[in-house]
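Chain nomenclature is as follows: A, B and C, assigned in order of appearance, with residue numbering initiated at 1 for each chain independently.
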């Protein structure tokens, strides 16, 4: 029978970088015995992203960080909104260039992530932050 | 009991910029008494975006606009598709760099938007446009 | 009555470029007689994207490719993860700059795509690849 559930995941970040959340999300779905359905995640912040990326070679994530640091430099004099620090406006731009929402089908009790896909919270600020991810599933 | 609903929001834009739609979307969900569930929005155009961004300091949105205007300049000679004006192809690129779909869980009769998050239609064309946003909820 | 379904679409790419999948996706929904509901697609890879873009003038897609090729150049010496070729890390970055998830409401037996919107798999690698797109619908 179709049923749904909601949850909030807490992720404490320790500065700019990638924090994998695939494990806790999959565990939550197992707990609710969702065989087939849909998972949605929404990050409740405007200076960090949710990203599905390669979970194998960590150099891929370091290269992503290198690219985005060059594309959206901290302290860029273009920006007027600087009261919260030189990494704040770049964090908003990096969030706009990526996304804060993910929706992933669940088939035969597994997220349909590819072999090399992991779900990451990408923190864009340099200081530690307490981040919250809202989650919803519907399925049977 | 699980139920669903659909709607289409009309947004008349007056040139490039951000148009907040959080209010009408939340009002529509209240009207249908969705306590827990999932909202999905889809913008039916290829030269504007849906974006969740900071709703506090308007300078953040002006800086987003400054950054994207520099990254994807109007009239860039790189582009061949120029029949609809120098801002048309940049509008398509800005749409590809952001998104036209959003999915947000609803918990205890509220969208799980963070305190500083608003839902915006980001118009990328300079002329006024009649934009349409398809909406769907499922929940109980 | 609310019901759901899942499927996996196979897309064999022949190098970098856009591959439209609107037709097979719409056919699958018709087969399941979904009148109103929600479609979600998830691409199970980290070096290709799902994109909704203009389906009219093909020059738009060629210009998108021109822009992304300039923004994220193959063989950029910035990248350290180079073992899989000079187009591999650019493919990951292009995926991060776009998206791998789409959610589209279905109303009166039709996807709420705009007149000019098509659903594309955007292959970022130069070699042919066998790509898989997970699909889910819920509706009545």
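The criterion applied here is as follows: a contact is a pair of C-beta atoms (placed from the backbone, for glycine too) under 8 Å apart; a residue touches a chain by one contact, two chains touch by 3 or more.
Predicted model only: the values in this text are computed from it and were never measured.
Novice: Is the way these chains touch best called a line, a ring, a star, complete, or other?
Specialist: complete
Novice: What angle of turn lays subunit B on top of subunit C when you fit their CA atoms, given in steps of 5 degrees?
Specialist: 120
Novice: Subunit A-subunit C contact: same residues or different, taking over half shared as same?
Specialist: Comparing the two copies, subunit A and subunit C contact each other through largely different residue numbers, since under half are shared.
Novice: Roughly how far is subunit A from subunit C, centre to centre by C-alpha average, rounded to an integer in Å?
Specialist: Measuring from centre to centre gives 20 Å for this pair.
Novice: Where in subunit C do residues touch at least two different other chains?
Specialist: Subunit C, residues with two or more chain partners: 2, 38, 71, 97, 99, 101, 103, 138.
Novice: What residues on subunit B touch subunit A, complex-wise?
Specialist: Residues of subunit B touching subunit A: 2, 36-38, 51-54, 57, 59-60, 62-64, 66-68, 70-71, 97-99, 101-107, 112-114, 116-117, 138-140.
Novice: Enumerate the contact residues on subunit B facing subunit C in the complex.
Specialist: Counting only subunit B, the residues touching subunit C are 2-4, 6, 8, 38, 40, 42, 44-46, 71-72, 76, 78-81, 83, 89, 92-93, 95-97, 99-101, 103, 132, 134-136, 138.
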